[in-house]
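The first chain written gets the first letter, and so on, giving A, B and C; residue counts start at 1 in each chain.
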Amino acid sequence: MLWLNVILQGVLTGGLYAMFAAGLSLIFGVMRLVNIAHGDLIVLAAYVTLMATTAFGINPLLSLIVVVPAMALIGYALQRGLLNRTLGDDLLPPLLVTFGLSIIIQNGLLELFTADSRKLQAGTIEVATFQVTQGLWIGLLPLLQFVIAVAVIAGLQLLFYRTALGRAFRAASDDQTVARLMGLDTRHVFALAMALSLAIVAIAGVFLAVRANFDPTIGPARLIFGFEAVIIGGLGSLWGTLAGGVILGVSQAIGAQIDPGWQLLAGHIVFLVILALRPQGLFPKVSG
Amino acid sequence: MSRVAHATPSSRVGVTLIALAAIALAAAPAWADRLTLRLLAEMFTFVALASLWNLLSGYAGLVSVGQQAYVGLGGYLLFALAMFGSLHPILAIAVAGVVSALVAVPLAALIFRLRGAYFAIGTWVMAEVFRLLASQVSALGGGSGISLPASIILAMAPSRTMREFEIYWLSLGLMALVLAAIVLLLRSRHGLALTAVRDNELAAQSNGIDVWRLKFAVYVLTAAGTGMVGALIFLMKLRISPDTAFSVNDWTAFVIFITVIGGIGRVEGPIVGTMIFFIMRQTLSDLGSVYLLILGAVAIAVMLWAPKGLWGLVVERFGWQALPLQRRLVLADSEEKA
Amino acid sequence: MSDGLLDVRGIDAFYGDFQALFGVTLALGAGQVVAVIGANGAGKSTLLKCIAGLMHPRAGAIAFAGGDIGHTPAFEVARRGISLVPEGRRLFPSLSVEENLMIGGQSKRPGPWTLARVYALFPVLAERRHMPATALSGGQQQMAAIGRALMANPRLLLCDEISLGLAPIVVRDIYAQLPDIVREGLAVVIVEQDIVQALRAANHVYCLQEGRVALAGAAASLTREAIGAAYFGV
């Protein structure tokens, strides 16, 4: 029963990791950009949530109403103002610029908020649990988080394959030049993609803020979790990313149960094993 | 007979200046004070690290944000070899290089399955794995780290002054070794292949260059060099811990900024970049994290508006070369007329 | 030759330092079909790219429906009513046939062209509407590319080497639809290597030779010899 609980916790955590990964995966799919500052933007969202809850005195989960549009706006401006300039055949500029951005965000947050660890209170929902069956309990918050992660991924699938915007994303990703011939302003399309990515980052950030302690330096670890979820699941597949997140979450949970110091290592090892045996991931759609 | 000429008028000046600088630097213990010697020694390690990163990313196109894996590995190897193997620190540095190369082989085989930016993050993951593993090794201090025993330090040289001179010359020597190796590599046939890969990988491949093997070799050699520099760095610091050994900020962020600001893809770039970096550090370091913020902003600005770095701007404007790395075909009959 | 819709006046175009067009002039009005012929490298595709806004001429002017478009970005030119069927079809591989057509209509310009009408024009596309675009044969892909361009309800259609890589009978079938396409006054510029087909389809012909207009005139009035001389520059 203990192990079942452990695995269940891991699955639910995997949902959060899948959310970390979804935004990353979306951007790579649309414009072949890997945003090294992605994890730091999740942390930024957590701090924006902190500011929103302090300013308006509302529950962090409610602050999503403010945080999501705020981050989306930041994403649009970031892409339009800075990252669009780095797109092209050379992979160095986007990599180095987003790396520089990562350093800027981390140190900017350090200056504004100090290195103190924070955590936001979401009220009774944090400790609420319900019993699934004899000896098996699920926390309400982790379950909510998992359900929202699934909803986000389902929503993204719907957007990509059933809407005009999704068509625009796929077309711009296939062939920028011909997309422009269709009357698409690709600068705007890419900026919308980044806005969407950061909207997802906002949701992930809010849940991060409520779930665990956060400080300005934990961004890179979130990037790595998201990245590992994408690679385990397979590039180009959103449901694969969910699977990848779940596998990572479960690996970490099992590792932590064996020895707390092994939590992160367990996840990395599973990632490396999959990289060694099946580098294209478990459910790949496209080649990297 | 036609031949390939490497030197240019400016490179002759450059080589002369470098030779003079080398003599001055070698004699530094005579004219510089303790603090300056320490600063210079630190600068040399950054020139070496940045030059190695430049070779990997700027020439071989393998952008790594995980070289701190080898810096830390080299540091821990030094401590382990000196403390448990009773190796003389200088020998330990050399062995650290060899072991780093051996570790790099299976590692490369694994992460070469990733491409582009995903490769970069993969190198970061590997560094994280090293860090986590280092925290588990209690013999070397586990998570909190360990200091180098006094006995080992004392065994290096009889007096503190002699030790500091020894460390200084070690650093100068290692930097010179790294730079010389890089210059020789770039002047060789393999260097030509590498430049071809840098300019156009597909074309290089269709010309018969085994791109994968070349990149693999460069990765392993860079790992060896980085491991040696890492060993030296922690010999200088006298204390190691997982967080300092595998710090992304110190060994990757700073190194990348140095190379980008100085000039990627050019040997002179890291040297120029290190000088600028240390000037900035001396003047701005009181600002703490604001300093890093400024550094990040400067790196972004340089990447967008001067992607070839400051040295690249100089080359474009004046056509200077500090080192004889150009390749010019000198035809037989033009030689006779001269 | 009546102008009024498109007026290209003395444009020079460069790829870096290499000059591809020298003072090229071309004009056409609504409902006209103009063919641009010439050997490989004569500058035909370059001319289309300039009109479509993918390239900008360094000298001269391009006027479309009264407005200057010489420096207008491609997506804006497309929204104003110029559609390019690119060389090599270049359908979007991630999109199905129908999605390719739908994205053609992305700029929502008003006009007679709808999915239904495109399917009526090229029935084979309707049969394969949900297949990935790249699963079609060469000729079918060309029809899809033309349909995609028509979905934008353009006033000017630019066709870059439609016959390339296609069997003659397929080319004939496609060109047979041309009268239907221009029925409502759509103007068409056809860039072709298949001279016979081009002369048959067009009202007016321009022949480019090494970036210059070597010959221009009504299709019916040009002799074989004149065309041959202009084409090869002998």
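In the analysis below, a residue touches a chain if its C-beta (ideal position, glycine included) is under 8 Å from a C-beta of that chain, and two chains touch if they have at least 3 such contacts.
Predicted, not measured: the structure shown is a model, and the values here were computed from it.
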Centre-most chain [mean C-alpha coordinates]: A
Of A-B and A-C, whichever chain pair has more C-beta contact pairs: A-B
Chain of greatest Cα-centre distance to subunit C: B
CA centroid of subunit B to CA centroid of subunit C, Å: 54
Subunit A and subunit B: spacing of chain centres that average the CA atoms, whole Å: 33
Centre-to-centre distance between subunit C and subunit A (centres being mean Cα positions), rounded to whole Å: 44
Sites on subunit B at which at least two other chains make contact: none
In the complex, subunit A residues that touch subunit B: 33-34, 36, 82, 85-86, 91-97, 99-104, 106-108, 110-111, 220, 223-224, 227-228, 231, 261, 264-265, 268-269, 271-272, 275-276, 279, 288
In the complex with subunit C, residue positions of subunit A that touch it: 164, 167-168, 170-171, 173-175, 177-186
Subunit C to subunit A touching residues, read off their complex: 52, 54, 73-75, 78-79, 83-84, 86, 90, 92-95, 99, 102-104, 106-107, 148, 152
Touching residues (chain side subunit B, partner subunit A) in the complex: 57, 63, 65, 110-111, 113-118, 120-122, 124-125, 128-129, 132-133, 135-136, 248-249, 253, 256-257, 260, 264, 288-290, 292-293, 295-297, 299-300, 303-304, 307
